[in-house]
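Two complexes, one shared chain (chain A), two partners (chain B, chain C).
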Partner chain A sequence: MNTTVVVSAGAPKMRTTPLARRFGSLVRAVAIIVALTWSLSPVYWMLATSFKTELEAAELRPTIWPHAPTLENYTALWNGSLPFVSFFLNSALTSIVTALFAVVIATPAAYALSRARFRLRRPIGYAILIVRMLPLIVLLAPLYLLLLHAQLLDTRAGLVVGFTTFGLPFAVWMMKSFIDAVPIEVEEAARIDGYPRWQILIKVVAPLILPGLVTTGAFVFMEAWNNLIYPLAFVTTLEKQTLPAALVLTFSGQFKTDWGGMMAAATVTTLPLMIAFFAVQRSMVRGLTSGAVAGA
Partner chain B sequence: MERVKWLDSMVMPTIAVLAIVVGYPIVYTIILSTQDYNLVATEAARFVGADNYRKLVGDPIFWQSLRSTALYTFGSVAISAALGLAFALLTERFVGRRGRVARVLLLTPWAVPFVVVAFLFRYMYLQNGGAINALLLSMGVIAAPISWLNVSTLAMPAVMVANIWAMTPFFFLLLGAALAGIPNEVIESARVDRASAFSMIFRIKLPLLRNALFIGGLLMIIANFNDFAKIWAMTQGGPGYSTTTLVIYVYRQAFENFSFGYASAIGVCWLLLLLLFAVAYLRALRLS
Partner chain C sequence: MATISLRNVEKRYDGVVALANCNLDIADREFIVLVGPSGSGKTTLLRIIAGLEHASAGDVYFGDVRVNDIDVGDRDIAMVFQNYGLYPHMSVYDNMAFGLRRRKMAAAEIDRQVRSTAKMLNIEALLSRRPRQLSGGQRQRVALGRAIVRNPAVFLLDEPLSNLDAHLRVQMRAEILKVHRAVAATAVYVTHDQVEALTMGDRIAVMNDGRIHQVGTPDELYDAPVDRFVASFIGTPAIGFVVCRVDRSVDAVELVADCAHVRLKGTQSRAAQKKAQDDRVVVGIRPERLVLMSELDARRSDVMLHGAVEALEMLGAEQLVHMAVSGGSFSARLARDRSVKIDEHLWFGAAARDVYLFDDNTGLALRA
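Right, the complex of A and B next:
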């Protein structure tokens, strides 16, 4: 990607004078600084506030950096009155289990959609893609009743069911795009060497799509971690809540004026997502547009 | 490669799971939409035919939330796409370590959970002690602090700014990748033809980005139609109904009024509308 950019950047420019060029790069530099400020200052503000005392965070004239930096907001999460650790564990567990479940179920399906040639292949592929675009809100009431009858309301398992509604179709399409990228010749060569199909799958295909498995899992994890509507609707006991829902529910109580505490909680909620995000950042484009090559 | 029968059946687990967690609920929601079903009422649900749909047609809040959804969605997506494009063009020639760092930093908002985006902006929008008011006051843009999220005409734009902040990296990433994919010969020959910077962007690069813009735009339109977390955590749809989008309205009907029947009817309309977009998306994919 970078090499092409280098070539075009190094090419001679014919129309611009040195002065105009200097002016151009000055404008560009200013624009970049503005863009970086816009993107980063809210994140900085969150971090800075999380190290401020309750009093300083509520100051009428906000201080740009914490004048009396404190870790109190973070330690209060650990041993405060709210079961913050359970919130974190609930979020982590439900998101990880959803990601694992989705990848395990989706990968064989993605392989079949990519390689097999059965008659319903296309319609099934499109149907899964449409499910992916469904508004979650349509499923809200019936899923609630389904979980109620299955006695899964107010449980982590119920949340995993909810998260699966968007995680699974997404995982199918993303895994398919990774499998599509594996040249079929690799499999054919193994076939000629006399390996049975199932051994080809495990010994040849699986190692090749391992990065895809990790990326897909990370994406599903991020979406589940981000979800607010299902935990809010399906979980009634506060101890069983996920982080995002707990932030919303407890804000009216403990955090009402304690913005330092709130921002510390927000930072802890952000960290796992940041880590997952930067781990898979390179394959991001493929993930976001997976299904974009549906007809191919 | 020769056909192996059991390969085909590998789609079955996915289909079975989706049939339970998506297929069944959709059928159920259509049935619910023809019933007068109240979760907390003592009497059993009864069939009311198209009553819920008739109620919906005459419900001013439904139409208002439809308009709000359109404004929220199309406004945010258009501005985010423009900003993302500007970022992509700005960093186009960035190479090496510094360029990579700058790109990653510009992506950061994408890694912030929606609920955190909401609370972060809520804090910055505070009337007393909010960073945005402090900044605008010190620059002399406003004379007195404004309670952004509590004024019905300002709440929607304020929520949209937070949404745009969070969504811009998506377009930046997508368009950046598409820009890098433009064949070098195209740019070179335009340069030889002495294309001005303006026509280089608007006549040469933009038309080549059309596909990426279109696909990204549609994906984000669908995502924003469904956005719940940011709006709910910032305003809960208020003040009044000024930031109530359809998703918020359905949630309120279902979990504050417990009228599952009516909520389902709105959901079904919503479903049909979204299917239109999904079909448009699929058709566009086939054409591109």
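Right, the complex of A and C next:
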């Protein structure tokens, strides 16, 4: 009897019947399937094509899955005429060094923005972000000139400088949000224990924001790895090229495109990104949203 | 010797005055409590003593050394924070050893001190745990341990018990006093809880709106509050106030209101004699001083108050009645077995020495 009273008391709210609930979950399921198909089908196409023979990949009526799966596209990457291993190592080296660079520079900067009280703290914080607002291409010409004068064009070091320029601002803000979450009392306790600021940063703050350091590093790594324009613009020697740029430069020829080989290379290019992303996706979401919600 | 002296200490934030003209002398090994409502500036004052904040004006002395420009880490202080401030990534042992390592102490000596401090606080079994694996009470002990293991000259505590449940709080009060006696350091303790202040402090500084209103022993604060604020802040249930007129038409000075009549004696009479006929004086009276009596007896008493019952509170052993009267309000304690109804008219009497007199304009106590 009580139940009836409660239901009628909440009359404005629509009553959901079991049938309506089932229909609702059906709609949700369909929506999720559509979204997944939409976003994953290119990934599937990349994987499927990478296992097709050259002939099958070039068929006018494409096959949905490889009829005669082969690894020859992958083995060709390592044994072929192109210095694919160099591309991979160039990408890995420049991206990892950029990530380390960005974290090492961003952490003290973020610490100052988070903890120090000085005039212009906010304007400086936003000024750092301005670089982020600009499209990559806008920085291309100035960076080119800087690298030219520094004699860093066509070098991996030059690429690291370019990548860091773009990755650093976001790294600073991301690290700041992690540092903001460290209770100030913990640092004050360390000050009372007699430690100077830089030691507090290393011995107390850094261990507490380790997940943040890793996440920020991974984020910068992914951005550097994905960067296509800077390597195309700054690097002229093919052997010094990174993977994404090399893909563009080598696999689409004037007379023939090696689809299978290109997709195999694309798969290998994607793999480190996937690994980096899945390793840190949890704390990345936390880093991007912390501070947005009280108590987060 | 760790005496602490504050001389005209001021703190302003962007023009807002957080502390004004604070003077305080704390004796060596004294346990002093800074008490006041939130926003009264007590924590700011503590943080200035610690060196975590800088005074905008005025001087802080430890002994006869001016410490304004001495860095936090060099002041030989230890602090316990409201939310403990333990290093989350270190074991209890490392939390306690962290400060000692900074002092380049030999590992064996560090080990000896950490273990003897842990023993004193009964946390030996917890030494290998991380803070997050501890209960609130245990964390509090570790925070105390971390503070005293360095054997500091000054021991600062910022509302250390406010995150604990009531039962544990009472237990930890005794524990902190025990620790204070053992380490022989000067202690400054901040709380908003006047019961904590009265039970723990050798002396108490009552603060409000960035000012120190009164410094004194618990007895002094209770018996001779310097103003209305101190009178109302110290003591539970809170003191009642009734605004009265001075009547000098009789031999002794009398204070009268619709609901009250006070015949003053001795020093209080002399204090009130400085007031003119019909000047307004605030009479303060603590609930525990009022005695329920018949109208006739009440009228014969030096102090008479009467009014209608506005609210009732059951306190277990006794009950508290809140009386609404024109010109103020007051409360009284009654025995449990006296049945009382809302709006019932009650009469109370008290001795003349039990009332406090305050100037109606300044709020300051009237002194002879």
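Criterion: the second predicted complex is superposed on the first by the 260 of 296 C-alpha atoms of A that agree within 3 Å, B and C clash if a C-alpha of one lies under 4 Å from a C-alpha of the other, contacts with A are read in each partner's own complex, and residues count from 1 in each chain.
In the analysis below, a contact is a pair of C-beta atoms (placed from the backbone, for glycine too) under 8 Å apart; a residue touches a chain by one contact, two chains touch by 3 or more.
Every value quoted in this text rests on a predicted model; they were computed, and no experiment measured them.
In the superposed three-chain model, the partner touching more residues of chain A is B, compared with the other of chain B and chain C. Shared-chain residue A:Arg191: touches chain B and chain C both.
When the two structures are aligned on the shared chain, A:Leu19 is found in touch with neither chain B nor chain C. Contacts of A:Pro183 after superposition: chain C is touched, whereas chain B is not reached. Taken together, the two structures place residues 188, 191 of chain A in contact with chain B in one case and with chain C in the other. Chain A contributes residues 183, 185-186, 188-196, 204, 207-208 to its touches with chain C in the complex. The residues of chain B lying in touch with chain A in their complex are 1, 3-4, 7-15, 17-18, 21-22, 24-26, 28-29, 32, 86-87, 90-96, 99, 102, 104-117, 119-121, 123-124, 128-131, 134, 165, 168-170, 173-174, 177, 180, 184, 187-188, 191, 194, 196-197, 215-216, 219, 222, 225-226, 228-229, 232-233, 246-247, 250-251, 254-255, 260, 263-264, 267-268, 270-271, 274-275, 277-278, 281-282, 285-286. Chain C makes touch with chain A in their complex at residues 50, 52, 72-74, 77-79, 81-89, 98-99, 102-103, 146, 150.
Those residues of chain A that touch chain B in the shared complex are 1-2, 4-9, 11, 13-15, 24, 28, 31-32, 35-36, 38-40, 42-43, 45-46, 49, 58-62, 105-106, 108-109, 111-113, 115-118, 124, 126, 128-131, 133-146, 161-162, 164-165, 168-169, 172, 184, 187-188, 191, 197, 225-229, 232-233, 243-244, 247-248, 251, 259, 262-263, 266, 269-270, 273-274, 277-278, 281, 284-285, 288-289, 291-295.
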